[in-house]
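Would you mind keeping the following structure in view while I ask a few things?
Chain nomenclature is as follows: A, B and C, assigned in order of appearance, with residue numbering initiated at 1 for each chain independently.
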Amino acid sequence: MLKVAAKYPKVQFLHGGPTVWKEGMPTNAGSYNGFIDEAQYIAGIVAGYTSKTGKFGFVGAKPYPASLRNINSFTLGARTVNPKAMTQVIFTGDWVLPVKEAEAVNSLADQGIDVVTCHVDSPKVVIETAEKRGIFSSGYHVNQSTLAPKGYLTGAEWNWEKVYTDYVNWLREGKSWPHMRRGGLRAGIVRNAPYGPAVSEKARKQADDAKAKFTDGSFVIYKGPMKDNTGKTVIPAGKSYDATDIWLESMDWLVDGVRGSTRS
Amino acid sequence: MRLLGGSPRGAAEALTIPAGALAVSLILFGMFVALAGANPLGVYETIYSGAFGSWFSWQNTLQRATPLMLTALCTALPARLGLVVIGAEGALIIGALATVAIASVLPGASHWPVITAMMLAGMSAGGLWIGLAGGLRYYRGVNETISSLLLNYIAIALMNHLVGGPMRDPLVLHRPSSWHVGERNMIGLIPGMDVHWGLVLGVVGCIVTYVLMQHTVFGFATRIVGGNVRAARMAGVPVGRLTLVTCLIAGAAAGLAGTTEIAAVHGRASTSLVVGYGYTGILVAFLARQNPLAVIPVAILLGGIDAAGGLLQRWHDLPDATVYVMRGIIFLVILASEPVYGRLRVFQQSVVAPSDGVVPREAA
Amino acid sequence: MEALGWWGVPLAVLGGAIRGSTPFLFVSLGECLTEKSGRINLGLEGTLVMGAMSGYGVSYLTGSPWLGVLVAGTCGMVLGAVHASICARPRVNDIAVGIALMLFGLGLAFYLGKPFIQPNAPRLPAIPFGWWSESPQVRAALEVNVLFLIGAVLAPGLLWALYNTRWGLAIRAVGDNADAARTMGYAVDRVRLLGTVAGGFLAGIGGSFLSLYYPGSWNEAISSGQGLMAVALVIFARWNPLLCLFAALLFGGAGALGPALQSVGITSGYYLFNAAPYVLTLLLMIATSSTQRTLKGAPSELSVTK
C-alpha cells in the first residue's frame, strides 16, 4: 500500500491492522487499529463469573499476535475472578473453516468447557454450535446475541462507525489527522456487547468497574510479573506495558493458564 | 501454419472456433449480468479497459498472466499423453518451499548462483511432486486426476505446517511466513515495466515446451501414447519413461512458477501463495487446447479478465464472484465447441464431386 | 459437565463420522450412479456448494428448511443436466467439463449467495439417538439428522436397485459397454443423462446438509473439498454404494481429528492432522489400485479406467 500511496499523493490510504505507520512514510497514508483485547478482558471477567467449571475455550484461526493477545487478555480477565481459570485454545488453521470451527466447539464442550469465544472471520458457526451444545458463548467482531439468546454473555466488538466517521470529518475539515491511530475502550474504538440474560449482577458490576478503569486510563493489563504457559517469565516484576506499547503488537506467547501452542 | 493445426484449414479453425466460442461466452455472460441489473455493454467496456485499456492495465494483466503460463504447462504437457493432471497448485507450493529452503542454506553466496539454485530447486521439487502422480499412475494404476488433486491439499497442509512451525520467521507478525530469501536474491523487474522477469521465464517455458512437443522425437512419442496406449506399447514406445519424464517437466514448470512467486513477488512463503494459480492454469491449458504456444495468449486473456475483476466490483456493483462465473461460462462454451472442429463446411476443402455425386467428408 | 479427557477423541471421531459423513455420503452415492453409467462428474464440488447456497437461501426466504433441501436437489439436477448434455457431444472430455462446471457452480453460488451470508435461516432438525446416555457429550455426539438416516438407507438401497431393477441394469449396461447397450435398445445418452441428473440431485442435497445442519451456516468456505474427495471415495469404494457409506463415515470421522486432538492438549501439527482425510484417501487409493486387473466393478466405459 505504501508503494501505491507514493504514486498517488492526492488519494488518502488508510490501513486497518497491526502494521504501523512511522515517520518517513508517505503522509497520505496511515494505519488504524483498536485494542479489542481490552474488550476481551472484560468478556473474560464476565465469563469468569458465569462459568461453573472454570474452563474456557478459544477457537482461533492461526497463532497471529492479535489473536494471542485476545486469548491472553480474556484469560487474564477471567483469572481476576477465578485464579485457577484455564483456557483451552484450538487453532483451526485458517480464518474461515466452518466445519473445523464446529468440530472445535464440539470438542471443547466434550472436555467440560462451558464458555467459548473466538477469533475467526465469522463467529457465527462458533456461537451457534455453542448454543446447540448448551454452553455459554462470548462474541467477537460484532454482536451475535441474536444467534444465542440463552448463552450469549457479551462480546468484544469493533466500533468502526466512529473510526470512519472521524476520518471523513477530519479530511473534510482539512484538519491534520493522526497517521497512526490506535485506541481501545477509552477512545471508543472498541466496545462490549450488552450483557446477556445469563450474566449475574455481580459480574455486571465488576465488569463495569473494570470498564471504568479502562476509560479513565488507569488500567494496564500487561504488567509484571507475568509468566507464559511454558513457565518462562515474559514480563518481569515492576515492568508494565501500556496498551499502545509496540511490544504487545509482536506478542508470540500464551500466558500461564492457557493450554495451547504458538507453533504449528 | 504448423503452429496451429498442421494445415491452412486447421489453422483457420484453431483461430476462428475459439474466437467464436469466446464471442458466444461473452454474449451469455452479458445476459447473465443483465439479469443482475448491470449494463452488458458497460461491463464489456470495463473488462476491456481493466484488462487492456491502458499501460497500467496491461501491466496488471501481464503480472497476473505470468504464473498462469507456467502452471498451465503442468496440465497441458501430460494431456499429450492422455493424462489429466490438475496438480499445478500443489507443485507451485512445493516449488516455493524448496526455493525458500535452498536460499536459506546458501546465505553467503552471491546473486546469480542463488537465483540459479532457487530455480533449479523449485523445478526439481515441483517436478518430483507431479512425477509422483505420474509414477503412481503408471506403476500402480492410480488415477492421476485424483492423486494430483489430493497432492494439492497435502501440499497446502504441508506448507501451512512448515511456515507455522519449522520454517517460520518469528519476526513476521501479520501472518505466519517463512524466512525471507534475501533482498539481493530477488528477481527484479523488467526494465521500464512493473512486471518481473518471471514473464520472460513463462514465455520461454511455453516456447521451449512447444518445440519439445512438436518438433522432437520425444514429443512425437508422447502423442502416440496419447492416441492409443496399447498401440504405443506394441510399437515399443517406452510408455513408463515417457510418463515420468513428461510429468517431471510438467511439475518443473509449476515449480518454477512457485520460485518466481517467491523470488520475484513475495520473498517468503506463506498462505499468499495459495491464490488459485494452479486451478486457473488448468483452465488456461484447456482453453489453449493443450498447445503450449497458445498458452501464452490465453494466459494473457485470463490475466486480463482477472485484472478487470476489481473494476467490475467497483463500477458496476457486481460481486467479485462475477469473474468466476465468466470464467466458468467461457470454459463450458469452449469445451462444448470441441465437436465443431472438422465439421464446419466453411472450412472443408472443396473437392471435385466424384461421379456418383457423393462428396467425401474431409478427414477430421 | 465432566471433562472426558482422552475419551473425547474417539467420541469426537464418532460424532464427526455421523455429522461430517453426510455430505460425503450423498455426493458419493450420486457420483456412484453417474460413474456407473459411464461418466465422471468432477463438477459435483460446484454442485455441492450450489446446493448449500440454494438450500440456505430458500430456507431463509420461505422459512422451510425441507423446501431448501428440495430446491438444493433441483439445482443439482440442473447442473447435472448441463454436464450430461455437453458430454453427450462427440469428443468432449468429461473430466474437463466437470472442472468447468465446478468453477461455474462455485462462481454462481458465490455470486447469488452474497445476501445469505449474514442472515439466520431455519435449520434442519435432529433426532437424538443418545437419549439412553447420562453424559451430555455422548448425547450430543449421537444427534443424528434425518438426511444421514436417509443416506444410510439409500446406500444399500441403491446397491440393491443397481442389480435388481431394470433401471439398474440399464445404467450398468450403458456404463460397461455403450455399443452393446445400444444394440440392446438402450438410449445411451438418455440413460447417462438420467444418471448424471440423479447424481446432481443427491449432491445438491448433500450440500444443503452443510448449510442447513452442520456446520449450519452459509459462507463461501463451507466446503472443504468434499465434492472432489467424494469422487475419489467412489473409486476406492469400488463403485459399491454400500462401501461408499463406510468410506463416508471414515472421512467424516477423520475430519474431526484435528480439533479433537488439540482439545486434549496435542497442540502441534494440527495442519498435518487436518490433512488426514486427504492422506488417507491417497494411501487407500494406492493400496487398492492396480494396473494389472481392471478395477473390479469399474464401469468399462469410464474414461478414467480406460
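In this section, a residue touches a chain if its C-beta (ideal position, glycine included) is under 8 Å from a C-beta of that chain, and two chains touch if they have at least 3 such contacts.
If you're wondering where the values come from, they're calculated on a predicted model, not measured in any experiment.
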**Complete:** Greatest centre-to-centre gap (Cα means) from chain C is with chain A
**Between A-C and A-B, the pair with more C-beta contacts** = A-C
**Asked** When the centre of a chain is set as the mean of its C-alpha atoms, what distance in Å lies between chain B and chain C?
**Response** 29
**Request:** Report the inter-chain centroid distance for chain A and chain B in whole angstrom, where each centroid is the mean of the CA atoms.
**Result:** 42
**Asked** How many angstrom lie between the CA centroids of chain A and chain C, rounded to a whole number?
**Response** 37
**Junction residues of chain B, two or more chains touched** = 160-161, 164-165
**Message:** Can you list every residue of chain A that touches 2 or more other chains, as numbers and ranges?
**Reply:** 93-94, 263-264
**Request:** Can you tell me which residues of chain C touch two or more of the remaining chains?
**Result:** 268-269, 271, 274
**Contact set on chain A toward chain B in their complex** = 17-19, 62-65, 93-94, 249-250, 252, 263-264
**Item:** Residue ranges of chain B in contact with chain C within the complex
**Value:** 36, 84, 86, 136, 138-143, 145-147, 149-151, 153-154, 157-158, 160-161, 164-165, 279, 282-283, 286, 319-329, 331-332, 335-336, 338-339, 341
**Request:** In the complex, go through chain A and note every residue touching chain C.
**Result:** 53, 55, 88-94, 96-104, 106-114, 122, 124-125, 128-129, 132-135, 146-147, 259-261, 263-264
**Item:** Interface residues, chain B side, partner chain A - complex
**Value:** 160-161, 164-165, 168, 170-171, 173-176, 271
**Message:** For the complex, give me every residue of chain C touching chain B.
**Reply:** 42, 82, 86, 89-93, 95-97, 99-101, 103-108, 110-111, 114, 225, 228-229, 231-232, 235, 268-269, 271-272, 274-275, 278-279, 281-282, 285-286, 289-292, 295, 304-305
